[in-house]
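Structure incoming, see below.
Labels run A, B, C, D, E, F and G following the written order; every chain starts at residue 1.
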Amino acid sequence: MQGQSQQQAYDRGITIFSPDGRLYQVEYAREAVKRGTASIGIRADDGVVLAVDKRIRSPLMERSSVEKLHKADDHIGIASAGHVADARQLIDFARRNAQINQLRFGEPIGVETLTKDVTDHIQQYTQIGGARPFGVALIIGGIDADGEPRLFETDPSGTPYEWKALAVGADRGDVRDYLEENYDEGIDLDEAVGLALKALGSVNDDALRPEAVGLATVGVDDREFSQLTDDEIEDSLVDLDLLADENAVDGDETTDDATEE
Amino acid sequence: MQGQSQQQAYDRGITIFSPDGRLYQVEYAREAVKRGTASIGIRADDGVVLAVDKRIRSPLMERSSVEKLHKADDHIGIASAGHVADARQLIDFARRNAQINQLRFGEPIGVETLTKDVTDHIQQYTQIGGARPFGVALIIGGIDADGEPRLFETDPSGTPYEWKALAVGADRGDVRDYLEENYDEGIDLDEAVGLALKALGSVNDDALRPEAVGLATVGVDDREFSQLTDDEIEDSLVDLDLLADENAVDGDETTDDATEE
Amino acid sequence: MQGQSQQQAYDRGITIFSPDGRLYQVEYAREAVKRGTASIGIRADDGVVLAVDKRIRSPLMERSSVEKLHKADDHIGIASAGHVADARQLIDFARRNAQINQLRFGEPIGVETLTKDVTDHIQQYTQIGGARPFGVALIIGGIDADGEPRLFETDPSGTPYEWKALAVGADRGDVRDYLEENYDEGIDLDEAVGLALKALGSVNDDALRPEAVGLATVGVDDREFSQLTDDEIEDSLVDLDLLADENAVDGDETTDDATEE
Amino acid sequence: MQGQSQQQAYDRGITIFSPDGRLYQVEYAREAVKRGTASIGIRADDGVVLAVDKRIRSPLMERSSVEKLHKADDHIGIASAGHVADARQLIDFARRNAQINQLRFGEPIGVETLTKDVTDHIQQYTQIGGARPFGVALIIGGIDADGEPRLFETDPSGTPYEWKALAVGADRGDVRDYLEENYDEGIDLDEAVGLALKALGSVNDDALRPEAVGLATVGVDDREFSQLTDDEIEDSLVDLDLLADENAVDGDETTDDATEE
Amino acid sequence: MQGQSQQQAYDRGITIFSPDGRLYQVEYAREAVKRGTASIGIRADDGVVLAVDKRIRSPLMERSSVEKLHKADDHIGIASAGHVADARQLIDFARRNAQINQLRFGEPIGVETLTKDVTDHIQQYTQIGGARPFGVALIIGGIDADGEPRLFETDPSGTPYEWKALAVGADRGDVRDYLEENYDEGIDLDEAVGLALKALGSVNDDALRPEAVGLATVGVDDREFSQLTDDEIEDSLVDLDLLADENAVDGDETTDDATEE
Amino acid sequence: MQGQSQQQAYDRGITIFSPDGRLYQVEYAREAVKRGTASIGIRADDGVVLAVDKRIRSPLMERSSVEKLHKADDHIGIASAGHVADARQLIDFARRNAQINQLRFGEPIGVETLTKDVTDHIQQYTQIGGARPFGVALIIGGIDADGEPRLFETDPSGTPYEWKALAVGADRGDVRDYLEENYDEGIDLDEAVGLALKALGSVNDDALRPEAVGLATVGVDDREFSQLTDDEIEDSLVDLDLLADENAVDGDETTDDATEE
Amino acid sequence: MQGQSQQQAYDRGITIFSPDGRLYQVEYAREAVKRGTASIGIRADDGVVLAVDKRIRSPLMERSSVEKLHKADDHIGIASAGHVADARQLIDFARRNAQINQLRFGEPIGVETLTKDVTDHIQQYTQIGGARPFGVALIIGGIDADGEPRLFETDPSGTPYEWKALAVGADRGDVRDYLEENYDEGIDLDEAVGLALKALGSVNDDALRPEAVGLATVGVDDREFSQLTDDEIEDSLVDLDLLADENAVDGDETTDDATEE
C-alpha cells in the first residue's frame, strides 16, 4: 500500500513519523527481534516458566554464552530475543532498577513496575534524536509481593504488554498459534514447562536436544528464579517424546556473524 | 492541491512549516492517533465518563495490559488513543504535575491547569529540534475544586480543547457524528455512561463484549476516579441491548505488531 | 518569478536566506497565521478593543476553549491568530515578562516594551538553528502609564508594528480594506466596538452569532482588560443589525484537525 | 559565470565558501538589505545627518513604528535598512555596548569603536554554524570625543566601512550616484540635510511627504542625537521644492507582508 | 535479496536499522576485522593459549610493533584482529577496568566480567550517534579466581561469546573448520599450543616462521600471562614439522597502507 | 584532473579530505584571499616593509577604512588580503596574544611566536566541525628581540611560512615573479620600500596614486611600526617615476558589494 | 573493485566504515601525507637519524620555515610529512606530553610511550564525529632510558609502527625499496646518515643541494637531538658524490598553494 521509494524517506536518520503515522526505525528494530531465535513465556497458577532456543553456530561455542535467560532479581527472570548486545543493556538496566527498589523501599520490586521502568527507558530511544531504538524484545516473568505470577513483554517501541503465554523472536507467529491452541487456564508449573517445550518443539520438527534449550521457572512457593539443568530438561524431553537424536546438529544454524539470538 | 513529491520535502527531519503553513510531522503524529482504537469522553451534569475500546490481538494477552484508562489524580482520569509508549510518558508527566501541585499549593490541581501543563509539554516537541512529536491524543476528565465537571482533549500539536463530548482514535469521525446527534445538555452520569457505550457500539456493529470495553467515571459527589467492573459493564450492555454473543471474537483485531491502542 | 524547484531548496532545515533575501520558513509560518480565523484590534481615543472570530468545528466543543483572547496583564490584552499551541507559548512569555516588570520596577509594563520583549523572543527562533519560527501573530493592546492607548502587532519574523486598527489571520486583506475605509481618527471605544463587529461581519455575510465572537476592551479610565459577555455582544449585534439567525451554523467551519484558530 | 545548479550547492545549510571564494548566505543577506527602503547618511563639517524612507503599507499603520532611525547613545545615531527584526537585535547590541563603555571607562564610546563592536558581532554569525547572518545594514553616525563627526556602514559580512556619504537599502546604487555627483567636501549640517532630502527625492520622483521621511542629526556643538519634526521636515521640503501633493499615496508601497524596511 | 541501491541507504551516517533489522555499520566494522590477519584462542584443561599471525609488510618493520597480543592483567591476555588503532583503545579500556577492579575489590577481575565491561563499552558505539563502531574483535583468555580457564570473544556489535576454541580475522572460517575437526575436550596446554600452531599453519601452507607467530599462554598453575620466545616457538614448529624455509617471505603480505592486523 | 561533479562532493558541509587528500573548503578560502587586492611584504637588513593596495569602490568612501595595514604590537605590523571581517578577527586575536605575552613574560612577543599562535588558531577552524575556515591571508612582519627582522605569511590552512619577500591577494603570482626577479639579499629598508612600490606598480600599469597605497615599516633601530603619510608616499612615487595622473580613477575598481580587500 | 559512485557514498561527512571495512576519510588523509615531500628515519646501533626533503616553492621563501624536523624533547626528534598545519598540532601535543611526563615522573618520556600518546590522540579523530582525521604522518625517533635507540611511525589511522628504517610522504614506496635493499643490521650512526642521504638522493636524480635537505640525529652517547648544519650536510654530500650543481633549481617544485610538505 506504501511504495518502496516513499518508505525509504522515513527510515533514515532519526526516528520520525511516516505519513500514515508509523515509526519505521521501530518497525525495523522489530525485524532485528525476529532475526533472533524464539523465546517463550508461560504463566501458570503457581509460577511462570521461561523457555529459550539456545541453538549455537559452532560446537566449539559454549552454550552458556548464549545469553537468553537472565535473572533480574531473586523473584524475576527475563528471556530475551533479538540483538544480544542491546539485550545486555536492558538487562543491566532492569537489574539496577530492581536493586534500587529494594534499597529504597525495603521490598522486592513488582514485576509490572520493573517492566514499565524498562519500557519507559526504551521509549526514550524512539523519541529523542541521536540514538537508534533497542533491537530486542524481553519477556519479564516473576512473582509479585501478593504471590501472583506475572508475565510481561517489552517491545522495541517501549510498549508493555501482559500475557498468559507468549513467544518473541523467530517463528513468533507459529509458536503463538500453538500456544493459543494448547494453553489452558489453570495449568500448573509442570504442565507449563511441558507446554513450553512442546511449543518450542513445534517449530523444531518436534525434536529438541537438552543442551539447545534453556528453561527457567519462578514458583510462587519459593519465589526463586531457577534454571533447569540439562539432565532435568532431558528428562522432560523424554517424557514428552521430544528428545532429538544425539548426533543431530542444531536444527537451523544461525549464520556465522549473527548478532541476534 | 499539494503533490506528493513536494509534500515529501517537509516531512523529513525536524518539524518545520510547509509552504502552506502546515507542520507535517504533527499531522503524521495525528495519523498515529488514528491507528489506535477509539476512546470517548462525555461530560454530564454530575460528572464525567471515559470509555475506551479495549480490543486485543490475542486471547492470550491480558486485557488489563491494554492501557487506555489512567488515573492521573484522585479526581482526574485520562483516556488515551494512539502510540502506547508515548501515552505512558504523558500520563507520567501528568501524574507528576498533579502531585507537585498538591504539594506546592495544598490543593488538587485544576483539570484545565493539568491539561495545559500537558499541552505546553507536547508543544515543545513540535518546535525544538532533535525529537519527534508525541503520537497520542488524551482525553482528560475530572472535577474542579468548585465542583464543576470538565472534559479536555490534548492533540499532537499541543493544543488544548474543551468538549462536552468527544472521541479520539480510530472512527473518530463516526463516533463524533453519533455523539453530536445524541448528546443532550443536562444529562446525568448514568445517561452519559449509556451514551458512551452506545457510541462505542455504533462503530462495532452495536455489539460489545464487557471485557473489551473500559469505563471510568469521576462524579461530582465523591470526586473519585473509579473504573467499572466487567460485571457492571455487562449489566449496562444488557440494559442497552448491546451485549455481544459470548463466542464472538474481537470485532476488528489490530495487527500483530501494532504499537497503537 | 521564482520557480518551484528552486524555492524548495530554501525551505528545508534551518531558517536561511534565499538568493533574493527571503526567509521562507518565516513566510510559511505566516501562512500558518492565515490558516487561523480573523482577529481584529482597533485603537480609540479612550481605549483599545480586541475582537476575534470564535468559530468552532463541532457544537460539542466548548467555545471558551477557543483561546484567541488573552489577558496579559491588568492593563494589556492580546488577541492571537494562527497555530494555537505556539500562541500559548508566547502568551505565557508575555505574562511572565509583565509580572517580572511589575516586580522589578514596581509599575505596570509599557505596551510597547512588552511587545518588543515578545518580538525579540520571536526573532531568536528565526535566526538560531534547531527550532522553527512561531506560527502565530499577536495583537497586543493596552493603556500606557501616561494614559495613552496603544495597539501593536507581532508577526512571525519578530517585527513589531504599531497600528490604529488592524486585522490578522484569515481574510486579513478584506478586513483591513474594510477598516481602512471605515476607521476615523478620534472615535471612542463604543464606536470602536461597533466598527470591530462590523469589520468581522463584513467577511461573514454581515451576520454574526454572539457566542462565535470574542470581544475585549481596555479603557483609559479603569485600565482594566475586560471581556464582553455574550449578552452584551448580542445587544451590540442587534444594534448593528448583524445578529445571525439562531439556527445558523458556524459560517465556514474549519476542518476537523485544524490546529490553527 | 557560475551556473545556477552549481550555485545552489553552496547556499544551503551553514555559511561555507563557494569554489570561487564567496559566501552565498552573506550575499543573500545582502539581498534582504536591498528589499528594505533606502537609508542615507551624510557627514558634514559640523555634524552628521541620517535620513530614511519611512513609506508604510497602510494608512492605519503608525509611521512611528517604522523603526529605521535609532538613538544608540546621546552622541550616536543609527539608520538601518533590511530585515527589521534583525536590525532590532543589532541596535540593542549597540546600545548595551555604548552603556558598558560609559560605565567602564567613564566616557562616551567612540563611533568607530562602537561600529567595530557591532561588525565583530555580525562576523560571528557568518563563520560559526547554527545560525544565519544578519539581514540588515546599519549606518552609524556620531561625534567622537575629539569633536570629529564620523560616519560608518556595517554590512551583513561584518565589514566596517567609513564614508563621507552613503546609502543602503533599495535604490542604493542610484542614490549613491546622486551623492557622488552632488557631495562637496566642507558642507555644513544644513546643507547636508538638504542634500539628504534631495538624494531621497531623486529616487521618489522628486516629491516627498514630510511624514514619510525620517531625519536625524548629531551636531558637533551639542553632540546630541536629535530627530527633526514633521514640520521641520516640511519646511525643508518646501525650501527644496520637494514637497509632495498632500493627497499622494506612498510612492511605491511595499507588499503586505514585507518584513524589511 | 537486498539490492545494492537500497543497501546504500542504511550505511551512511549514524548506525540505524535496515528494513530487515540489520545494523550495516556494525557489519562493515566486522569486515574491518576480516581485513586483519588471523588470531586464535584455545582453552585447555590447565590454561588458555592465544596465537596470532604476525606477518609484516616490510622486513624493516619491527615485528614487535605488530600489536596483536596484549597483557590485560597478570592473569588475562587478549589477542586482537582488525583495525589496530581501535584495538589499542579497547585494550587500554580493559587494562583500566582490570586495575580499577583490583583496587576496588582487592582481587583480580574475572575474565567474564572484564569481557562484559568491554562489550558494553563497544555496544555504546553502535547505538549512540556521533561515532562509528569499533572495527576490531578481541579474544580474551585467562584464569578465573576459582582456577577455571575461560576464553571469550568480543565482536563489533558488542556481543560477548564464550568458546572452547575460536579464530577471528582473515581466514576465520577455514581456521574454525580446522579447530572444529581437531579440538578435543580435555586437552592440556601443551597440546593446545600445538593445535594453535597447526591451525595457523593450515592457512599458511603448513609452514610458519617463528618470528611471524605470536604465542602466549595463561596457565592455571601460575596464573601468569607469558609470551613464548621465538626459540620456544621454533622448537614447537620443528616438533610439529611446520617450520618454514628460512628464506621464505611472509606468506601473504598485507598491502602497504593497511591499518588492520 | 578531477571532474566538477566529483569535486562538488567534498566542498559541502564540514571540512573533510577529498580522495586525493585535499581540503576543498581551505582551497576555496584561498580563493577568497585572491578576491582581495594585493598586499606585499619585504624583509630588508635593517627592517621590514609592508605595502598594500588601497583601491576603493567609491570616492565617497574613506580610504582609511580600507583596513589592510594593522599594528599588532609596537614592533610588529600585519598586512592582510581577503575577507575583511575575517581579517579583523585574526588581527584582534594577534593583538591579544601580543599583550598577554608582554604581561606574562615581561617582554615583546617574538614575530615567529605570534605567527604560530595565529596559525594554530586558524588550523582549528579547518579540522573541527561547525565553522568555516578563515578567508584571509596575513603578512606578519617585525623585529625580534635580537634585532633580527622577520617576515611571515599565514594562509587559510593555518600553515606558517617565512619569506624574504612575498605577496598575497590578487595578482599574487605576477607580483611574486617581479619580486623573485628584483629582490636582492642585503637591501636596506629604503630600497625595500622602493621595491615594494615598484612591485605594486608592476600590476597597476606602473602608475600609483599615493592615497591608494598603504605603506608601513618596522626598522631595527627604533623597533616601531610606523605608517608612511600620503606625502611621503608621493615623494617616493615621484622618485620612482610611478606617480599616477591626478585625475586617474582607481585602476580596477572592485565591485560594489565586495567584502574582500 | 569498488566503483567510483559507490565509493563516494562513504567519504562524506563523518568517518564511517565502507561495506568492505575501510575508513575512506583515513585513506584520504593518507593521500594528504603522500602530497608532502619525503621524510626518512633510520635506526643505527648508536642512535637514530631523521632526514627530510626541504624543497621550497620559491627562492624567496626561507627554507627554515619548511618545518619537517622537530625537537620533541632533548632525546627525541620527529620528522613529519603531509599537511603542515596538522603536523604542528601533533608536534605541540607531543611536546606537552613529554614535558608532563618529565614533571610527573621526574624522568624523560620513553619513545614508545610518546608515540602511543600521539597515536591514541590521532585515533580519536577517526572515531568521534565532528572533526576530520589528521593529514600527517610522523617519524618519531629517540633514545630510551636504557640507552636503546627507537624509531616509530604514526599514520593517520592512529596506528603506531616500529621500524629499523622507513620513509613517509611522496615517493614513499621507492625510498622504502631503496632502504630495504641497502639497510644492514648493525650500522652505526655515520653510516645511517649516509644511507639516509643516499635514499633521499635515489628519488632526486642522485643529486641533492645541502640547503634542500634537513638532517638530525639523536645519539646514544649524549642523548641529544641535534640538527646538522648546511656545511656538515654538504661535506656528507661531497663524500657520497651526491652534491648537486649549485645552480640547479629544486628538483620537483611543489605547486604554489600546497599546504603539504
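One rule holds for everything that comes next: a residue touches a chain if its C-beta (ideal position, glycine included) is under 8 Å from a C-beta of that chain, and two chains touch if they have at least 3 such contacts.
Given the structure is predicted, the values throughout are model-derived calculations rather than measurements.
Undergrad: What is the shortest path, in steps, from chain B to chain F when you may only step between chains that touch?
TA: Minimal hop count between chain B and chain F: 3.
Undergrad: Show me the overlap between the contact partners of chain C and those of chain G.
TA: Intersection of chain C and chain G contact lists gives nothing.
Undergrad: Roughly how far is chain F from chain G, going centre to centre by Cα mean, in whole Å?
TA: 31
Undergrad: Mind checking the centre-to-centre distance between chain B and chain D? Centres are C-alpha means, answer in whole Å.
TA: 55
Undergrad: Using the average of all C-alpha atoms in each chain as its centre, how far is it in Å between chain A and chain D?
TA: The answer is 69 Å.
Undergrad: For chain G, what residues touch not just one other chain but two or more?
TA: Those would be 12-13, 30, 129-130.
Undergrad: Answer with line, ring, star, complete or other to describe the graph linking chains that touch.
TA: ring
Undergrad: Reading round the ring, first chain C, next chain D, what is the order of all the chains?
TA: C, D, F, G, E, A, B
Undergrad: Hey, which residues of chain F end up touching chain G in the complex?
TA: Residues in contact with chain G: 6, 9-10, 12-23, 26-27, 30, 116, 119-120, 122-123, 126-130, 152, 155, 157-166, 173, 176, 179-180, 183.
Undergrad: Along chain B, where are the residues that touch chain A in the complex?
TA: My answer: residues 4, 7-8, 11-13, 24-25, 28-35, 58-62, 64-65, 67, 83-86, 88-89, 92, 125, 129-135, 256-257, 259-260.
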